[in-house]
Amino acid sequence: MTYLQKSPWIVHYNASSCNGCDIEILAALTPVFDVERFGIINTGNPKHADILLCTGSVNEQNKVPLKNVYDQMPEPKVVVAIGICAATGGIFRECYNVSGGIDKIIPVDVWVPGCAARPESIIDGVVTALGILEQKRLKMLQKGNSDSTKVGEA
Amino acid sequence: MIPEPFVPVFYALVYILVAPLLGGLIAGIDRKVTARMQGRVGPPLLQPFYDVGKLFEKENAVVTATQNFYVLSYVVFMVVAGALFFSGGDMLLVIFAFTLSHIFLVLGAYASYSPYSHVGAERELLQIIAYEPMIILTAVGMYMVTKSFFVSTIMASAVPIILFLPGIFIGYLIVLTIKLRKSPFDLSTSHHAHQEIVKGVTTDFAGPNLGKIEIAHWYEYVFLLGVIWLFFAWNPFIAVAAILVAYFFEILIDNTISRVKWQLMLRSAWVIAGTLGLVNLGVLYYLRMVVP
Amino acid sequence: MSKQITVPFGPQHPVLPEPIHLDLVLEDETVVDVIPSIGYIHRGFEKLVEKREFTDYVYIAERTCGICSFVHGATYCQGIEQIMKIDVPERAQYLRVIWSEYSRLHSHLLWLGLFADSFGFENLFMNAWKIREDILDVMEQTTGGRVIQGSCKVGGVRRDISDEKLDAMAKDLDRIDRDMKELTTVFLQDSSIQHRLRNVGVISRGDAYHLGAVGPTARGSGVAIDTRKLGYGAYDRLNVQVVTESCGDCYSRCAVRAKELFTSTDLIRQAVKKIPDGPIDIKVTGAPDGEYFMRAEQPRGELVHYLKGNGTKFLVRSRIRTPTLTNIPPLIKMLQGCELADVPVIVLSIDPCISCTER
Amino acid sequence: MTPENQTTTSIDVGKLIGSVERFRNEGYRLVQIGCTKVGDLYEINYSFDKDYHFENIRITITGDTEVPSISGMYWNSFIYENEMHDLFGIPVRGMNIDFKGTFIRTAVKYPFSQPPVTVTKGDKS
Amino acid sequence: MQILDLLLCLILFPLIAALFLLVVRRDSWRSLIVQLSAVAIGIVSLMLLVLGFDKGTLLYTVGSEPVSQVMFFIEMILAVFIVCLGIKYRKSLSVVLILLQAGLLVWYETNMAGHISVGNNLFVDQFSIIMALIIGIIGTLICVYSVGYMETYHNRHKEIRDRRNIFFGLLFIFLAAMFGLVFSNNLLWVFFFWEITTICSFLLIGYSETEEATNNSFLALSMNLLGGVAFMVAIIYLAISDPSGNLMDLNYLLTTGKAVALVPAVLICFAGITKAALMPFSSWLVGAMVAPTPVSALLHSSTMVKAGVYIIVRFAPVLAGTTEGLIIALVGATTFAFASFMAISQSNAKKVLAYSTIANLGLIVACAGVGTYNLMWVAILLIIFHAIAKSLLFLCVGTVENRIGSRNIEDMGGLIVRMPKIAIMMFIGMAGMFLAPFGMVISKWAAIEAFITAPFGLIFIAILAFGGSATVFFWSKWMGKIISVMRDQTVIEDTVKKEKWAVLYILTGLVVVVCLIFPLISSVLIEPFVLNIYGQTARLAQANLTIMIMMLCLLMIMPFSMLFYGKGAQPPVPPYMGGRPMDDSMHFAGSMGVSRELVLSNYYLEKTFGEERLFMIGASLCWGLLLIAGIMLLGVIL
Amino acid sequence: MAFFEMVKTALKTVVKRPVTILYPAQAAKKTPISRGHVVFDGNKCISCSICQRKCPSQAIVLNKEAKSWQINRFRCVVCNSCVDICPSKCLFMDTQYTAPAMAKGVDTFTITYVKPAKPE
């Protein structure tokens, strides 16, 4: 049994998006879409979060905070890139200040396309992420077990 | 049945086992009702349990290993305080144990030397000093009616305590808002943290530690609602009804009021304790002690 | 030893949907120093004019921001039209007004929600966004997009709205008005909200004006500037009421926006009544040669698109001066000496939008 | 739609402070300061508004000309002047709040002073 | 007669030690003498406990006339000495007061002393034994600690004249005077020792001879002399009301009943209030912090202020149920609340400790003023617990100050890493001050339970509730400061001296042990004493005791959970900084491209709990109360 | 000035049905003109490559030799530009949005259009 899939807490970071995708993430929290139905809470704090919802094409200054937010999330964790900007830089790909795509900085597990990504699409993306989250947890458990056996042997 | 001297132990054990279940359920209902007040469907009823289960599945990331100790102490003493209460112990001792447990939470936040935890810790302390007088006055009020600080005696009393302590009761409900971390007094931390200080005291706790804090909250809920019971102890049905109404009232307040700043919190909590509480006690004192 | 606390406020922070970077220096909870920094959203897309034809640049202009997307598109198009002296069909101009005002509704509701959240009033946030969904529905029904509408183009608009739909929209506004009335009453009357807003982040009329405040930030301090009064688009044929408040505090700014909701619905009704039949666009030939400072009223205030062309398909310069950019200096003034708990409230009170500010 | 009446006056850098002072004294507000690279020269527009009356003054300079800050008259000008420095590399003298090039940190230094790019054809990346 | 020997030994032995210390100038010798005498005094006071705990009140006659003559003589010399100093430093108030006091004394000696003879000059009962233990153990521990401290102190402060012989001499005279005070049954003797403590503290506060120290020492002197005058008036009043001098017998006086004893009781309590630094006289104790830390420790825990509350507690039975007693209690309660509030706004560690002391003394006086049997019990408990925890805290702060060169709480961040042992000791000391199940909270709890049945108890409970919560605030934030784990810090406590460690360990142990065995202390010493006076006594319910002891054990087990987490744990991660990384030197990327240091300070809430404002309010309230008491007293006399 | 202005709304909402759309159990909000994803009809494409040139984010790559038309849906900002501009109306905007995916890929279509023989 796993609770991880029933209680995915999110943290949202706007890595230089145009706001379009961000307000759709927020909209997903509000009554009409109400993602709390799935136990999703916007914690606003990477240390409490399981899923990083990231938007935007990642500009020069965002590299460090984005990495930091990701690093501060405890394992297991997944990253969902929301919007076209987050996927490839989209329409801003060619701008001098964007790196184009979140995967340039941190590993991404799920891509949610759309400009702006619709709330429903974001819900789909998070649901897809849940499966990956569970896999990661199992992997973590295995690793933990093998670690402890090692300690036992030594 | 259970031999006499073990009855309190039995109650304490029941509390230790049942309170988290009940507390989690209360939290679940709370979230459900809150969602409905906002026109949403809300999470499943058992969501709080999923959350805590999840937290224990996560990595225990700490800023300093000492955090583990403070959190564990927080939980343990919260349980001790509640168990003492339900085993019929001395109210004042319960209150002190309760404070002790909170101090551990605060220390845990301080330990991490992080700006948000730090501000959260300071605010948590401000909350403690805001509600503590009122809670002590509540105990004193109970004593003045029943001549005992022992919960067991208060429980056994056939007097409708609420009739003697209406002011105290209202005061208690108001500081309860602080304790339940509800608006307008969710200063030090709050449920979803759309807050200037992120998650305040709990900012730098993650995974299992956060789960423990949550469990401690559940124990706390049950204990705090248990105090409401005392006001109505003479009739269990009314007591249950009162708890339900009171809790609904708390949720309603949470949903219909903005967060205040610490100055107003301290002022209102103290003024309420100082007026409602003291006037109530004063009148009672006059009736009981002066008029024979 | 000073008793100070340094708080790195942002870039990642739950009350900020967008990265803002402030270094706060506190004593107890009083802010003694605020040092802002920006640059987390700067993409540098103004330079894309060198790569995209001026007719295609509108897609980029729209994505300046996901909130006033339409206004940016329209302002850009109008700027080009000014340079090229294109006479846009009447109907298109009215449609632009209608969509602009819907944008304002959606933006102000969004803001009211976020603002409520900044002082911990979750229910109000939910309610505001609930109403906002009605507006977005209309947007999607008429443009095909919820937040990025993409319905403007140089020379007109890309979609028409049928007259039946326009009437239905106008009728629906009555219900929305009612909901918004209930919502704004809470904002304007509730005493717990007043406790958080009154006398917080005060900026005087003179300061607001001279520090360059625009939009509700200026109008909250009693400076009656509203670029719609310039009469671009169809605004010169509509009765635009300028809402002002005099206190210059967060409450005033909130009140201005709350009241503007109703001036917007009013404008939409007026427009629906007056909108003529006819074509919605005109064919554009040639290329812009010349320059223009196109000014328009975004939900957050005066927006300036400076456009300069040299007769080729590629512009020489597009420079977007957004309301938030010019509202930052007043914001710095407002933050001085406030309480930590007021910081998000004050920051949000100018309705900051970093996306277009940094471009 | 009625086009707005916009006047643009070109002036010399040396006259800048004097002209801005005039606007300030007449109660104009600063709408924006913006820079445009035209060929090898830089046009800097200072726009003012009073009661919906728009006035623009322009200086045209080479990239290394030092521009005096107008923050003495308009406190808020630092926001544009820092931007001008960070994006165009134009040195501004005497800003009240000088971010020293950290206002907008860019991957490319002074991006707008780079020569304009031509259209990329068939970009396959 | 064994016990009498012990009493005399306790009074005289420190005196002899003091004489040696005054002449010895070699560090090693001094250290030896101090340590030996400390051990000796400690052992003798323990012997007193062993032999005397079950004996009730014992009275002893010791040669009265000659001793009294000597005392008078010494007092005159001291008066002259003070007058000289006062003139030198232009402190007219002190001069006036000492002249007034000396005048009264001379007048008394010439006009009345003739008829008066007190049979039993010395006495001992359980309360005296408790006080003797506090003085004999804690007081001497502080002296031992001082040796090392003063060495470092003078190394650090070269500008201060090294007068350590005088310093240690004074310390031991001080102890002797305290013993004398608690064993004296003759009020004149009490007064004599009372004056000695005043002057010792005056000299010790002024030790560093800086301007501030001198001013503060004179402030302390004036305030205490004011109390001394009141004391003298009380004595004269007694002498007038019963020329035979029977009333000079403290033990007798206490049993005569309110009619006779009330007026002197109130006057002496006034003296006690000045000495215990209650409001409005609290400023002298706060000012006394300029003295080297061991002096503060001594003043706050086992001597001086304890003399003040000792005498008030003695008179508690007389005060019980009187309006005057109530007023004195109110002065105490007001002091408790206001001092606790003021402590919130302080960042100077010693000042916080000072305000905490003042608050607790206020609480003790509040208990004593109301004076019912259970409150008397509480008052004594408070005296014990406070002495131990407070001395530990002062010495810890002193040690820290010596190492880090600051007594500011804000500089104590991360002590848990830098000076782990000291930090844990401070932690325990602070816990002892405000956390369940440690001493002070037990006492506070008992106080609530006791006040609730006392007349007008509600007022006191309310004050206790509000003031108590303030206590929680200022202690916790300080605790939080020392336990916050900062990175990149090194251990710096290994240079602390051995004997200092010994003292600190003993005191830390005492905090815990006394808490564990306090039921025993209560039943053996306090309860019989209270029973003897009131015919009934208080105690905590057995069930509660068990629970508290369980809690204490739990608290001691908890830290072991750390071991459990030790293995297999991930390395710590940096705190949440809004997405900005922080490096090991606690810097993060700030605005305008600067690297900014993370600084965290506690809240001091100056605007709400500012010292000046609150002192004004508190002091005026207390002045008002004292004025009322004074008027009532006049009414009684006339 | 009034206390608890919100109470009325809150209580009213409690008893009313939530406005939540139970997506995915219920269908998503959609309108006939919602912009979802671009559909390509290889039968009609005349390989003019206007779409490729006009696409603001260069999501389309046309390869005349290979007769392939590729769209990178993770680059497409669904602006409708290509649909508007396509001279042979072989592009169409479907209302269904592109589903989230675990990898970014490119959709490739073959152009099957055969130039009708010139009527002689």
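Each chain carries a letter (A, B, C, D, E and F) given by its place in the written order, and its residues are counted from 1.
The criterion applied here is as follows: a residue touches a chain if its C-beta (ideal position, glycine included) is under 8 Å from a C-beta of that chain, and two chains touch if they have at least 3 such contacts.
The model shown is predicted, which means the values in this text are computed figures rather than measured ones.
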Smallest number of contact steps required from subunit A to reach subunit F: 1
Farthest chain (mean CA position) relative to subunit C: E
Chain separated most widely from subunit F, comparing mean CA positions: E
Chain closest to the middle, measuring from C-alpha centroids that were averaged per chain: B
Top-ranked pair of chains - ranking by C-beta pairs in contact: B-E
Averaged-CA centre spacing for the pair subunit F and subunit E, given as whole angstrom: 80
Chain centre separation in whole Å, for subunit F relative to subunit C (CA means): 27
Geometric centre distance via CA averages, subunit E-subunit B, whole Å: 36
Whole-Å gap between the CA centroids of subunit B and subunit C: 43
Contacts with 2+ other chains: residues of subunit D: 99, 102, 105-106, 111, 120, 123
Per-residue overlap in subunit C, given as positions that touch at least 2 other chains: 5-6, 8, 11-15, 19, 29, 37, 39, 42, 44, 47, 51, 59-60, 63, 121, 123-127, 130, 133, 145, 148, 190, 192
Where subunit E touches two or more other chains, by residue: 573-574, 576-580, 591-593, 598, 600, 602-603
In the complex with subunit E, residue positions of subunit A that touch it: 13, 45-47, 64-66, 68-69, 71-72, 147-148, 151
Subunit B-facing residues of subunit E, complex: 413-414, 416, 435-437, 441, 445, 448-449, 452, 458, 461-462, 464-466, 468-470, 472-473, 476-477, 479-481, 483-486, 541, 543-544, 547-548, 551, 554-555, 558-559, 561-562, 565-566, 569-570, 572-578, 586, 598, 600, 602-603, 608
Parts of subunit B lying in touch with subunit E, wherever the complex brings them together: 59-66, 68-69, 72-73, 76-77, 80, 84, 89-90, 92-93, 96-97, 99-100, 103, 106-107, 109-118, 121-122, 125-126, 128-130, 132-133, 136-137, 140, 143-144, 149, 198, 203-204, 263, 266, 270, 273-274, 278, 281-282, 285
Partner subunit E, residues of subunit D touching it in the complex: 99-102, 105
Of all residues in subunit A, those that touch subunit F in their complex: 31-34, 37, 80, 84, 87-88, 90-91, 93, 109-115, 117-118, 120-121, 123-125, 127-128, 132
